[in-house]
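Here chain A shows up in two complexes: once beside chain B, once beside chain C.
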Partner chain A sequence: MLQFVLSGVAIGSIYGLIGMALAISFYVTCIINFAQGQLMMVTVMVTAELASSGYPVWLAALAGVACSCVVGILSYVIAVRPILLSNRFSFGWLVSTLGFAVIVENAAAYIWGPTSQAFPPILNGISLPIGGAVLTAQQLLAIVTAAVLAAGFEIVRRHTLFGKLGMATAADPEMASAIGANTTVVAIVAFAVSAIYAGIAGLLIGPSTFANPYLGDTFGTYGFIAMMIGGGTERPIAAMFGGLLLGVCAEGANALINSQASDWFPFIVLVLILIVSPKGLFSTSNPLFRPRRAAVTRG
Partner chain B sequence: MSEQPTLEINALCAGYGRFDVVRDVALSVGKGEAVALLGPNGAGKTTVLRAIMGLVKQRRGLIRIGATDVSALPTHRIARGLAAIAPEGRRLFLDQSVEDNLLLGALHLRHDKARTQTLLASVYDLFPVLKAYRQRLSSFLSGGEQQMVAIGRMLMSDPEIMLLDEPSVALSPVAVDIVVKAMLELRKRGASLLLVEQRTDVATRVCDRLYVMTHGEIVDQMKPETIRSGGMSILNKYLG
Partner chain C sequence: MAPAFDTQPVAAPRLRVGRWRAAGLAAVLIVYLAATAYIAHTDLGLQSLVLVAAVFGILAISLDLVAGMLGLYSLGQGGFFGIGAYATTILANDYGWNVFGLLVLVLAATALIGMAVGAMSLRVSGLYFAITTFIFTLVLTVLATDMVTVTGGLQGLLGPAFPDFPASLEWLGTPLVWCIMLALLACLGLVWNIRHSPLYPILLSIRDAEPFAEAAGARTAAIKVGVFGVSAAMAGGAGWLFSFLGVVSPSQFDWSVSLNVLVMVLIGGINTSIGPVVGAMFVSMFPNVVNINPWLQEIVYGALSILAITRLPDGVVGIARRALARRAGEIAPAADAAAEALPAALDTAASPASPKDSEVIVECRGIEFGYGLGPKVLRNVDLAVRRGHIHGLIGPNGSGKSTLANVISGGLTPHAGEVLLKGTRVDGLPASSRSRLGLRRTFQAAQLVKELTPTQNVMVGLFDRVPRIIGRAPFWPMLASGRRDLAAMQRRAGEALSLVGAGDWAVRQVADVPHGIEQLTQLASVCVAGPDIIVLDEPATGLSAKEVRHLAAILANLKTQGVTMIIIEHQTRFLFPLCDRVTVLNAGEVILTGSADEVRADPVVRQVYLGE
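Then we have the complex of A and B:
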């Protein structure tokens, strides 16, 4: 019991990071970047490549995240901005970000081949017994990193001028530009930050999945589920809670039902949660978790 | 002082879709002057203000603020000290506090802490109630208080020209009075105002000149004294 909760929290914090990455770009631009999983994959592949050519792991990891960041900005400039410029209310980004994902994925498969490659171990081989369960140092690192990044995002959002500007842009982009905000720059920063979050998630999962160009599909999907059940479309940090819940559900299904159950059980959880609370479990519109706040008055 | 008006608009056409909402509009606001744009619903008054801020996609003609031609500038550049708007419906950032709303108004002055603090003090001086509520979420405020925040946010960018879009709409008589007094105080401080109004009494109390707009065109221009002496019948032929 404790074992699957702990390993669920560990993998869930990675789903949560990808969910938060999706939610950060959605929060500011109202765009779901379907290439988010591929941004994670870019970090994994670049880090694996550089580490195997002899660079130190930390440098390879840094370069990997930087590459994700660049590809993330490109995804906005190439796949999102032209569509919003022609029609702000268009849903064309659904197709264009998906297309961008396919291009990035196949480019990676072309460069590195479709098979898995070695990923440098980070903190492998150390394990910590907790109660009757065991947590590897790798898993602990994932949990701590996710907690720090989630808390850090909230602190920046609420307590810095840039975070407040992001909130303003999220709430009313036109008014934000009327107070002097360059909303394009705000959107690019949001995509860059979300790519960094996805990239860090990749660094944390790489040692267990190895470097595979198709990694983005599964993790992009799980990140999306994490965002939806958490309610990350309204508050990015809710995606982290969703990810933790998803991780525990998936690991629990593997432990209690059978070893394949994590492939379908989370989707049932997703459907049930969306029926009960369409905007997600931890969203502000869920009466169970609504923060104490007055109704919006416009009169 | 130069003779150049603070705001000069000539041959402005602006609209959203295939046709123009506003056609061939010319108006000017001098330094320290307050000018009202009156007219019925749908006359295009708000579109004129949105065109000045660069919020309307299609606009042709000349819009000049001081010596700067803003007709090709993007909104966020115009908003950095040239023009600022207290928009229709106020459009506060409701999930943020009163003070954060005001500070966001001074976005382009963020590196000039002293000036920001001076401006903030001047807003609190104008609306003392906001100082008491400064940590409150702006969604908690009444309509009148929200309008004060909207006007305060506009002041915070220290603009050349202030654009006010129906600041009196949907407010109690007491709140309207506070807003009118605030506008008069702004005039004393030397601000240049362009006020869009439906309420003639508000416009005549605040402004030096009135433009009358119907169907996207400016059809008349008058002094408040004309209305005060001649009565509302002068306007009624336009306002219907």
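Then we have the complex of A and C:
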């Protein structure tokens, strides 16, 4: 019991980070970046490449995240901005971000080949017994990192001008730029941050998945589910809750049903949640439990 | 209430144009069938290339039907496609069911599933529709992969064989070629027919201006679900066809297929008749034409789809159309040119003016309403409008005028109180039902379809005045009654536009007309249906002084025809001379109802509203 909850929370925090990465770019531009999983993959591949060429792991990791960051900004400039400029309400981004994902994924497969490569273990070799369960130090690192990043984002969003600017840009870019916000810079920063979140998720999961160009597909999908379960389209941090729930469900299904159950059980949870609350479990429209909101009472 | 359509003989020049068009159509058909016959006799390599492209063509048409005409970007097409293919393969191979019986089953099943998914996901709009259908496909792919005993897992299943022609028809060649090509033709024809039926402007108005369509009597939610059902059945049918082409496996139906179908539609040209097929040909033949390293090929594909979507938002067909239009000078108007202006009608159409103390036709009793958790916007509002009266509704900004208009016309449901139309209680009924009781409304900001002409927009107003538009739409141009009704609708729309003085603009796109003409188009789309009651929300906003005088004349004329009107307006100089009664709202409460003079003289009104 404790074992699968703990390892579920560990893997869930990685899903949650990718979900948050999706939600952060959604938060500013109202589009879903289908290349998010591929941004994670870029970090994993670059880090693996540099580490195997003999650079220190911390430097390789830093360079990997930086590469993701650059590719993330490119995804905005190439695939998102032209669409939003011509028609903010068009759905062309569905196609262009997917096209970007296809390019990145196949470029990686072309450069590194389709097979998996070694990834530096980072903290994966250390086991920590917790109660009756065992976690690797890497899993603990994932949980701690996710908690810090989620809380950090929420604080920035709520308490800084920049966070509010993000909300304003999403709601009405023209208005936001009319009051002096540089919406392009806000959006680029959001995409860079979301790429960093995805890249960090890659560093956390890399030691157990190894480096594979197709990694982005699977984790992009799970990140998406995390966001949808949680309701990350309204508040990015809800994607983290969704990720944790998803991770625990998947690990629980493996432990309690059978070893294949994690392939399908999360999807059933997802469908059930969306039937009850189409915008996600922790969204304001959830009929089951609404987050407390100060009632406006005037006149 | 629904005036019958008199059948007017079609003018001779139009008939000749019609003949040329029919001849052209016949020529295209013959070429199509000849090409099909050629493919049916050619080698297997080319056959499978064309057939796969044709199946994806059907899939792309099915998506364009909902995405182009209704703005519902479905990512579930891959899922319905998979349901069709798997159901056919499993039931034909393992249970020996007849494949043609299975076609019926597949169409019915996917239509039902589509309507269920649509009904579920349309609770939330736009993006969430795309996401929900995306998840639908995702879940189906997972099921197909994991239920190994039934579906064969990742390996997939070998599809059934398509039955042979009987001996007498063997000269036709490969039967599957005929089947797929005729199915593609049927789908093309279906969409082409809908595009040339009066349902088309209605679908676009649901896409761009839903309140307008709803106010014209269209049950927009039901229409969306129904059209999505048709689209799902089409995708399911494509899956049925696909199962005969070889192996059926999960990767052929996953979400990337759904997205590829969207790429096809967007590259070819969204909301065009043949664009989706052009796009499907391009995308599905791409790997065969560009034969390089598979990864490089994918990279080129990704780059091309980004380029296409960012540089050519209208797709190939859109560009071709623009090039043709430039050469031809201007796009020929699809609708009839407006009938010559009928200024006389303004004076002659009089019917006996209503008596002073006629029955109450619209009544609100104790209406209470508030948005969300905010303060009450309407508090205990009573309003009684007599038949044949023009009833003014004035009040400062934020006093609840538009909210009350929405409560009366059905956009909002009051928290308490009753709304009665002609003695029937209507609160709780949707706007479309109130339209059937003879109530129409205009909107403060004109709700129109920008890419259509004013004539086509006005035709939306005739939606519930013409019987069985939806039922006939799939065959519309083929039906004599359809051609006749369309001509009559176009004529009446043109007349209505002339009557309000917008006849000169009838064949321009709404996107190109000035604001005043938009307002008049709105008014024409309301008048064309011959309503008993019209709710006008700030009709004079943004009109020039001359246009306002013109509007006043139109409204006065409508009154002589016995139409009851509720007019919300700030320009009291325009409003008061027209009104029999005026109600003044302030902060959600009625402070006075009386004649214009009484209102003008009332000290409280002068203070809160007229600013004295």
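The criterion applied here is as follows: the second predicted complex is superposed on the first by the 290 of 299 C-alpha atoms of A that agree within 3 Å, B and C clash if a C-alpha of one lies under 4 Å from a C-alpha of the other, contacts with A are read in each partner's own complex, and residues count from 1 in each chain.
As a working rule, a contact is a pair of C-beta atoms (placed from the backbone, for glycine too) under 8 Å apart; a residue touches a chain by one contact, two chains touch by 3 or more.
Treat the numbers as computed from the prediction; the structure is a model and nothing was measured.
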Touch count on chain A, higher of chain B and chain C: C
First, second, both or neither for A:Ile78, with chain B first and chain C second: second
Touching partner for A:Tyr110 - first (chain B), second (chain C), both, neither: second
Chain B versus chain C as contact partner of A:Ser86, first or second or both or neither: second
Partner chain in contact with A:Ser53 - chain B first, chain C second, else both or neither: neither
Chain B versus chain C as contact partner of A:Pro278, first or second or both or neither: second
Touching partner for A:Phe100 - first (chain B), second (chain C), both, neither: second
Which of chain B and chain C A:Ala178 touches, first, second, both or neither: first
Common ground on chain A, meaning residues reached by chain C in one complex and by chain B in the other: 293, 295-299
Sites on chain A touched by chain B in the complex: 161, 164-165, 167-168, 171-172, 174-175, 177-183, 293-299
Residues of chain C touching chain A in the complex: 67, 73, 75, 120-121, 123-124, 126-128, 130-132, 135, 138-139, 142-143, 145-146, 256, 259, 262-263, 266, 293, 295-296, 298-299, 301-306, 308-310, 313, 373-375, 587
Interfacial residue positions of chain B with respect to chain A in the complex: 53, 55, 74-76, 79-80, 84-85, 87, 89-91, 93-96, 100, 103-105, 107-108, 110, 137, 139-143, 146, 153, 157, 170
Chain C-facing residues of chain A, complex: 30, 32, 34, 78-79, 82-83, 86-87, 89-92, 94-96, 98-103, 105-107, 109-110, 221, 225, 228, 233, 260, 263-264, 267-268, 270-271, 274-275, 278-279, 293, 295-299
